[in-house]
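One chain, chain A, links the two complexes that follow: it is found with chain B in the first and with chain C in the second.
Entry: the complex of A and B
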């Protein structure tokens, strides 16, 4: 039952074409965000239905394991957003297909430029919080 | 084959409009791209406001109540804007996410219809309960409990 999953992962990594790795990362980031989103909507709804539980959830986010997960989420979301924008623009405007290489390089550069300061600020905030408490 | 004759006397083949499943797939293909473009602004602005501007460690229920508006309190324009922004983002992200999961599930389990359908039924059921809960929460407003003072 899991064979197609394993094969797709192995081939995705083994066949080192840039587009293929990006495809795999787009898929993994999309799935990661969906799972997070389910818990996130549930948790935030508790502000309306069960404020004590909402408060507990917020406290949980302020612990080191969640601070690390938050960094991973930031990268996945920014990558998925930028790469998804590349896919959407290229597919909706096929005359741009000649510029695929450039588009891929640009989206990787933009992802890096947005991710680096985001992770730095988040890490700084978390570390100073943990040092003060 | 359906043909049609143009005013110049030339005959061309008419393209049949898509029907059924094909029509649905085309709509979802377009939806993935346009909702994605909208989510770039909605999701990234939300993420950066909460995690960079405010910061996870500064987020409290009391502060959520201020932005969101409390049940039984007068609603401000700010509360309405906050709730609308989140409602739009919620619907777009959930539909985009479910369709994404469907594409992945079809790739890996499409040749096993029982597993594919079972999995998707489960995913859609869970997503429906959670999203309706979320939308209802946005309509009702936050609860300011005794521990959570309204400022």
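Entry: the complex of A and C
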């Protein structure tokens, strides 16, 4: 089951093309979000099945490595959403294929514009939390 | 000028896995990568295996990965691809390597045959040719340029992950007949392409469009086939 995933990542890294890099990042961000969701659902379900473990997980989420992970997650979410929208539009309107380089640039700019303030606010809140404790 | 060709070699009778070998050759900047490969094969190492036929970008035999990207060796100029005097050459991805730069193309051609790459028209043959307006002919002009070199299919992440995927080249060939006003098997081809290993495995990565040595708008053609499947209208 994992073979297609491993093969496509291995070949994806070996192949040098512009579109390929975006595809790789899209896949990595998608995988990252799925892994986070898995952890999140598991962690939340522990509130019902194992409250002590749930409390420990909440404490763990407040540590610096998880704060950095949250920043990374925010970037992956925004990139995946914006790039996914670009792909969906080009899928539905094949006539726009000539604009695909422009669309790629636009999606990267929108990702940067949305990511910068989000990460700034999150980083500010995390740093404030760590300084207060 | 002197350049170093780094070639990924693999001889299944001797090697367990592929390895790199370097060759220094004297070439002109306007020579092609194919000329440099010939220089290696004819003057340095006759065991190097590569496939080529017309050597002029028409037959599509010498598709390979040059500096990590699919190209035809006969169309890639040394001056365009040499980086600090070094060029890497590898076989295309996703197909079994037979020896060195030669891959087994049979899985690729099997997908090509699957989409019925021929005109189907069951009407009684006219006295002369089946006429078509210039507008109708222009509708599929772009996809008639395909030379079946496999540059597009073997640059596709979906094909790397699943060899059963019909691949961009077969979809381009299907497009060439689906949108031909004289053809009567468009719906049958669309049915074939709507199967799980058909057109929906395309992830709109655009590697195929970037790799096509004939400049075919491959992703657009695939998008038009998807659109025909979505709307049920061939136009």
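One rule holds in what follows: the second predicted complex is superposed on the first by the 116 of 133 C-alpha atoms of A that agree within 3 Å, B and C clash if a C-alpha of one lies under 4 Å from a C-alpha of the other, contacts with A are read in each partner's own complex, and residues count from 1 in each chain.
The rule is short, and it goes like this: a residue touches a chain if its C-beta (ideal position, glycine included) is under 8 Å from a C-beta of that chain, and two chains touch if they have at least 3 such contacts.
Bear in mind the structure is a predicted one, so any value in this text is a computation, not a measurement.
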Which of chain B and chain C A:123 touches, first, second, both or neither: neither
Partner chain in contact with A:47 - chain B first, chain C second, else both or neither: first
Chain B versus chain C, judged by how many residues of chain A each one touches: B
First (chain B), second (chain C), both or neither touched by A:8: both
Touching partner for A:103 - first (chain B), second (chain C), both, neither: neither
First (chain B), second (chain C), both or neither touched by A:87: both
Which of chain B and chain C A:62 touches, first, second, both or neither: first
Which superposed partner A:20 touches (first chain B, second chain C, both, neither): second
Partner chain in contact with A:95 - chain B first, chain C second, else both or neither: second
Touching both chain C and chain B, counted on chain A across the two superposed complexes: 4-5, 8, 87, 91-92
Residue ranges of chain B touching chain A (in the complex, touch as defined): 32-34, 36-37, 39-40, 43-44, 47-48, 51-52, 55-57, 59-61, 64-65, 68, 71, 90, 93-94, 97-98, 100-101, 104, 107-109, 112, 115, 126-127, 130-131, 133-134, 136-138, 140-145, 147-148
Contact footprint of chain A on chain C as seen in their complex: 65, 67-70, 93-94, 155, 157-158, 160-162, 203-207, 209-211, 217, 219-224, 226-227
Complex contact set, residues of chain A against chain C: 4-5, 7-8, 11-12, 14-20, 22-23, 87, 90-95, 97, 100
Complex contact set, residues of chain A against chain B: 1, 4-5, 8, 27, 30-31, 33-34, 37-38, 41-42, 44-52, 54-55, 58, 61-62, 66-67, 70, 74, 77-78, 81, 84-85, 87-88, 91-92, 118, 121-122, 125-126, 129
